[in-house]
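Some structures to go through are shown next.
Presented sequentially are two complexes of chain A, the first with chain B as partner and the second with chain C.
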Partner chain A sequence: MSVIAVLILFSILVAGSFLAAFIWAVKSGQYDDKYTPSVRMLFDDNEHPALKEKNKNNTNS
Partner chain B sequence: MGLSGEVSPEFHFFLQRPAKTTSYFFNYTTEIMILSESVSQEINMSCYHCGERCPTEVIRLDEKLFCCEGCKIVYEILSEKNLCNYYDLNAAPGKTQKILPLKNKYEYLDDEELTNKLLDFKDGKISAVTFFIPQMHCSSCIWLLENLFKVNSAILQSRVNFIEKKLSVSFQTSAISLRQVVELLAFIGYEPQISFEDTEKKSQNLVSKKLYYKVGIAGFGFGNIMLLSFPEYLSIDVSSAELRAIFSYVIFLLSLPIFFYCGSEYFVSAIKGLRKKFVNLDVPISIGIITLFTKSVFEIFAHGNPGFMDSLAGLIFFLLLGKIFQNKTYDVLNFERNYKSFFPISVTVKKSGEEKAIPLSQLKIGDRIVVRNGELIPADSILFSGDGNIDYSFVTGESSPVEKVVGEMIYAGGRQSGSSIELEVLKEVSQSYLTQLWNNFTTKSSEDFSFSGVANAFSKYFTFAVLVIAAVSYFYWMNIDHNVAVNAFITVLIVACPCALALSTPFTLGNTLRIFGKNDFYVKNIRALENLGSIDTIVWDKTGTLTESGESEITFVDGTLSSKEMIWVKSLVRNSNHPLSKKIYASINEAAALKIENYLELPGKGIQGEVSGQKLKIGSEHLFEQFAAEAKTPGELETVPPPLSSEVYVSINDEVRGKFKIQNKYRHDAATIITRLQSKYDSYLLSGDNESEQLYLENLFKKKENVLFRQAPLDKLNFITRLQAKKKRVLMLGDGLNDAGALAQSNVGISVSEDILNFTPASDAILNAKMLKKIPGFLKFTTISIKIIYASFTISILYNLVGFYFAVQGLLSPLFSAVLMPLSSISVVVFATVTTTYFARRKGLL
Partner chain C sequence: MMQIETFKYDNKIVKYFATATVLWSVVGMLVGLIIAIQLYVPALNLGIPYLTFSRLRPLHTNAVIFAFVGNGIFMGVYYSLQRLLKARMFSDFLSNLHFWSWQLIIVCAAITLPLGITTSKEYAELEWPIDILITLVWVVFAINLFGTIVKRREKHLYVAIWFYIATIVTVAVLHIVNSIELPVTFLKSYSAYAGVQDALVQWWYGHNAVAFFLTTPYLGLMYYFMPKAANRPIYSYRLSIIHFWALIFIYIWAGPHHLLYSALPDWAQSLGTVFSIMLIAPSWGGMINGLLTLRGAWDKLREDVVLKFMVVAITAYGMSTFEGPMLSLKNVNALAHFTDWIIAHVHIGALGWNGFLTFGILYWLIPRLWNTNLYSKKLANFHFWIGFLGIVVYASSMYWSALVQTLMWKQFTATGLLQYPNFLETVLQIIPMYVIRSVGGVLYLTGVIVMAYNLIKTVKQGEFTADEEAQAPPMVKASIKYKKGLGHRWIESRPLQFTVLAAVAILIGGIVEMIPTFLVKTNIPTIASVKPYTPLELQGRDLYIREGCLGCHSQLIRPFRSEVERYGEYSKAGEYVYDHPFLWGSKRTGPDLMREGKKYPNVWHYYHMNDPRLMSPGSIMPPFAWLSENVLDISTTAKKISVLRNLGVPYPAGFEHVANDELKKQADSIALDLTNAGVVVDPDKEIIAMIAYLQRLGTDIKAKKQ
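Our next item is the complex of A and B:
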């Protein structure tokens, strides 16, 4: 039966990581504007060349 | 124009009688082809940039047509920078560039102190700023604004928030200044709206983010606790006590953030209410939550079973969801505007012969300022030079401009029309008559209880009843079985937790708010909506609310006048103070200063005089003998709305040359709306204007005493206060600054606006002027919504009664509660949303 206890803890860990992802999403402003990104994704390549280099590794900021 | 001319009569026939047989259809396809060609030609005649119809002299470039130089320049820039994608995404996405911003309009942005206030961020190298750009309207706008770096490489990044119509720009400070960024935007047709208010930063959004966190955590806890409670639900006998304990402890841990973080605001609000000796709905909710929690903690540690934790988590989760739903906010709209957002950010000051734009905040007493045509007078001042022709319509409601001569005092808030004038500032901006007036207005008390008034009024009795039932069942059981007594007492408190009750208002009114929003009627919050449901008196403003705001359209018809003759007309009407004369005067652009001889004013008829030896007569049809026979009797004139279109005839040397047609005035359905509403509500009209339309309006409002003229802003405010003293609940509809006080004082103030993104005075709701005709429908629907709330109350009380039935017997099991609570909540939510949507459909609001 102890295997269930481990599974329970594991499941909570997984669920917790989703919660963390949700909180991060709210914090990083993804819920502030729910329309523009849907249009923006249709445009190609709209980043300043200087910023592009910088953001290459950190595309989410 | 070309449309009706080129379509053959057969096609009209086709239009009227839809093709029943295919042969019909084939016969007329050729016609359709011709038609579509003519249509496409029509479209091609429109400006490639802004889509407006091109004037007769078209500007051509790259086989494209432009309506004005401005549009062409924008196109040139975009094509040079390879940004023509702008035109591919949407046809003619631009805004007409006919009126170009003044050259040194943004000079004030060179002021460092001011720019620092506008900037969001600055580190010497890079600056970031956020602009409000109401012009953005399509994906082309987003595309272009996000590609600003291609126009000027000093701009590093520009990000659009389309919903809020905001653009965040970060740029290299060394290569481009804030002023240049603004000018660049203005140049490509996206002139940012920068107002005095922007210099005062305020943070929002934090509240709503917190709510999202709370919902996330509560949802997480709710799901996991339910999962861990499954053995209990299915009555699985968990043989290992150890495992059972682990389950319980995990549930306990999960419940901690829910109780202390997510639920905390209910406790805070309940205590706040109790301190004010007021039992709001948060009180029974808090009692329920706390009982649930303590009882469950006791169960977990004493018996190792999870108790009611699943109910607790579900309850808080649903309550928070309701909160998110009711917090529908209109980010673009501003309900709390004060004079600062009405005033410009800069003003042109003349110092030692040089004109310089400075920020308004730096304006000092004694400064000499220049106010151009259409500009706002920012502070009380004295006219120093020029012809003052001040339009106070937004401040006082008076529709005709006031003439001022040198040396006269001019109050802030008026708009100069005509040539530019110079003024000497008498008072500081914050001390001006207008701003003082604004500051005097009492702002409505903003109690921040989480629930609506209806629910709170109800909760006093509810809480009392619950406590009585709990106590009675306790004392009933006490002598029989002490354990059952305690259990009954606790479970009554638990089951009484008015979750469904608390959800009925947010979902009903939240949905109503959305439905209204779809109809361009934006209500501030559900509290305002509730107030709207209880009003019994409606007060209308005239200018700009019942009448179309802005200038009236003046055309000369049935003949033509040469520009020389126009000057004569202008010279003559200049002498008259009649509103129509003033309107005609303002509409003629030619310079006028000819001397008038033998000037004569014939009251009710018109004016006459001699200009350059020519005999001129200007006036109504009564002035001319040839119309005398057709003239209407005075009685007839009083029943038809006189101002819908005024006609002013012009004769030169006794020959009628045509007439001025002056149109604007009452909105399309104004009369119908007022008549419809009168059966249910007391209606009043407060006009800042003169009595020229008295008879018509008195007929419309039935009672003479219900129509008041020449009402100053303070008179309007006092009028509302007097009505309220008579226990009337007042709805005020107004548009301008002159109504600001009345709008704030009334129980519900709706500000009517042609363009909702433009300035509107502080109010409870903003209504697009085009939707004025729906006001009766909105009011009716609000009362229906209130009724739906009462119906949902009944449903949730029924659930409570079922719960009580088991609870008083001490029979309420955790499982039963875990089913009953979500069931009641969900059914109330479904009932509220479905019924509101259904009635909205029936009332034609969806």
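Our next item is the complex of A and C:
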């Protein structure tokens, strides 16, 4: 069952890289603001003005 | 002063992937429907090998997972990533290369799988040249995604992007580790791992493929498209962060729950179960977050068909991720494993979660890309209801079938004998359920075709914007310590981190090279009487792989009284040491074949393979008549023997030179036996090799007793 050792090694490798990413994310201030990102993404596409107009009409109709 | 930059989003690549998503969804599900009907009309293969259930089943799973869901992932990622990062994709060339080579892989799969060119490892069936192609395409995707992250204008990585990153990293590792195989010819290879080891690697891969191909990327899409469609922020951004990290840390350890009651050590099985149970929390974190986004706005559900699809998708996700941990409990698994329960479970996930989320995204996205409104809301609503009904019909019939059959398998009479000793009896009982299941499939597929029509009409009435203009300030430099977290400049200025990363990269390379040799040493048989396959049996085994027999027949007898009584002595790890790849299977549409050897005379197998209903009236096994017509290809025998010896199978030196003589000798004796029983077959036909293999199955242990 030596393959278990290989798999555990790889799993730890993957988990370790996730851990590094997590530490980076926290340290770089990614998670300082836990609210704004959720709202900002709603405004992230520059919608085509014509489309915006259409959609407005659409929801009203 | 901040300068506003103007740039353009690449919508064309999104269009490409969206088109492919719709196209492959129809194809993948149509193949699914065909094989569902074949389960009660086995003659529907029309006697053509390429249309036979066992060869089409992997085509169905691959088409749905990698073609439908795969293209769905890329469609959503290419759309959302650009907008979340306020940047065009890193390279248009790489985007296009990614798209076309992914379609090439799908076409290769669609050609090779019906031809019987397969490794037999579930969801990793594609042979080694295609495996390499997949790896390359994945690297292209990774460079494109990370490149875009580097040149982003938005410092914060929205939670969806974290899901995409986790997907890319993990799928790469899984694919490489599970695909380590030694080529025999251009289209044939043997897994580097044998038996139990191969099984463990395969299900470590298999489970994580579900986790990191069908789950994490789709959660990322949910985190983008659900708030967009509802025009409300996600319920809790904090929860999304917590459940993301918890999910990816726990998921990778849950694989062994696919191998409960197998020859895998107990502690590993328990580890898999414990982590599977723990998974409920982060999984439901995602479900709750998705559903509660609609808090106080549930009335939108009445109007908005996009939200309807998404809410059902997220609910299906919640149901699957509750059921999964339950199925990981040993006592539940003892009942459910090898039955249609698992088929129901995966289809709640595929039809409900992946399917409905994709449809919701398509209905939201296509009108936007083409600057128009959806052609028909009515048709979309029709799609929603017929698809929903399809899922309900599909799942309920499969649950019913599973319960009926598993209880019949385990039923003893008062005198301690199996109540239903004939496996076929338990199959005939559930055939009505197979019929109902295919009705569910028809309903669901009808919905998808209606969607395709609706979307084509939408596209025709709209005007496509290939390059959508957007504006954003460049990324703020400010006091952020690691500005370009993944950029090369950051690496260059930090020698320590660079060393660590380089070491990791080298480690991976080293391990990949080391594994095969390392494992060879541990392939020492623990049962002295277990011997390598004879050349003829080996060729027969490869026919078993080519025909996809393991789609319906397991080779793993669990240590239950009901199974030992029905099939014979339970399976030992030592019996599989020469099995490259392992052929345990995961579903018993037909009986287990672990101890099939010497149960029936050769001539029984001959008749049975030609027309199963001749020997077992009512059997739903497809006829494999071409085996008695095709001449066995023995040009590969020598190469196969030497490759297997390289993998640690103890064939004596020089055996490959006499292998074909041995093969012919054994074939002659089987042909003679058949002639004596009244059937004249040339000894060079494939059926002879198949019979040789079937007659060998599980007999090594019996030999020891003599």
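Here is the rule we use: the second predicted complex is superposed on the first by the 44 of 61 C-alpha atoms of A that agree within 3 Å, B and C clash if a C-alpha of one lies under 4 Å from a C-alpha of the other, contacts with A are read in each partner's own complex, and residues count from 1 in each chain.
Please note the rule applied: a contact is a pair of C-beta atoms (placed from the backbone, for glycine too) under 8 Å apart; a residue touches a chain by one contact, two chains touch by 3 or more.
The shown structure was predicted, so the numbers you read here are calculated from the model rather than taken from an experiment.
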Partner chain(s) touched by A:23 [first = chain B, second = chain C, both, neither]: first
Which of chain B and chain C A:15 touches, first, second, both or neither: both
Which superposed partner A:33 touches (first chain B, second chain C, both, neither): both
First (chain B), second (chain C), both or neither touched by A:4: both
More chain A residues in contact [chain B versus chain C]: C
Which superposed partner A:41 touches (first chain B, second chain C, both, neither): second
Contacts on chain A seen with chain B and repeated with chain C across the two complexes: 1-2, 4, 9, 11, 15, 18, 22, 27, 31, 33-35, 39-40, 42, 46-48, 50-51
Contacting residues of chain A [partner chain C, same complex]: 1-4, 6-7, 9-11, 13-15, 17-18, 21-22, 24-25, 27-31, 33-35, 37-42, 44-48, 50-51, 54-55, 58
Residue ranges of chain A in contact with chain B within the complex: 1-2, 4-5, 8-9, 11-12, 15-16, 18-19, 22-23, 26-27, 31-36, 39-40, 42-43, 46-48, 50-51
Sites on chain C touched by chain A in the complex: 9, 83-84, 86, 154, 156-159, 162, 165-166, 169-170, 173, 177, 193, 196-197, 200-201, 204, 224, 227-228, 231-234, 237-238, 240-241, 245, 248-249, 252-253, 255, 264-265, 268, 368, 371-373, 465, 468-471, 480-482, 485, 504, 507-508, 511, 515, 518-519, 522, 573
Complex interface listing, chain B residues touching chain A: 139, 142-143, 146-147, 149, 153, 155-157, 159-164, 205, 209, 212-213, 216-217, 220, 223-224, 227-228, 239-240, 242-243, 246-247, 250, 254
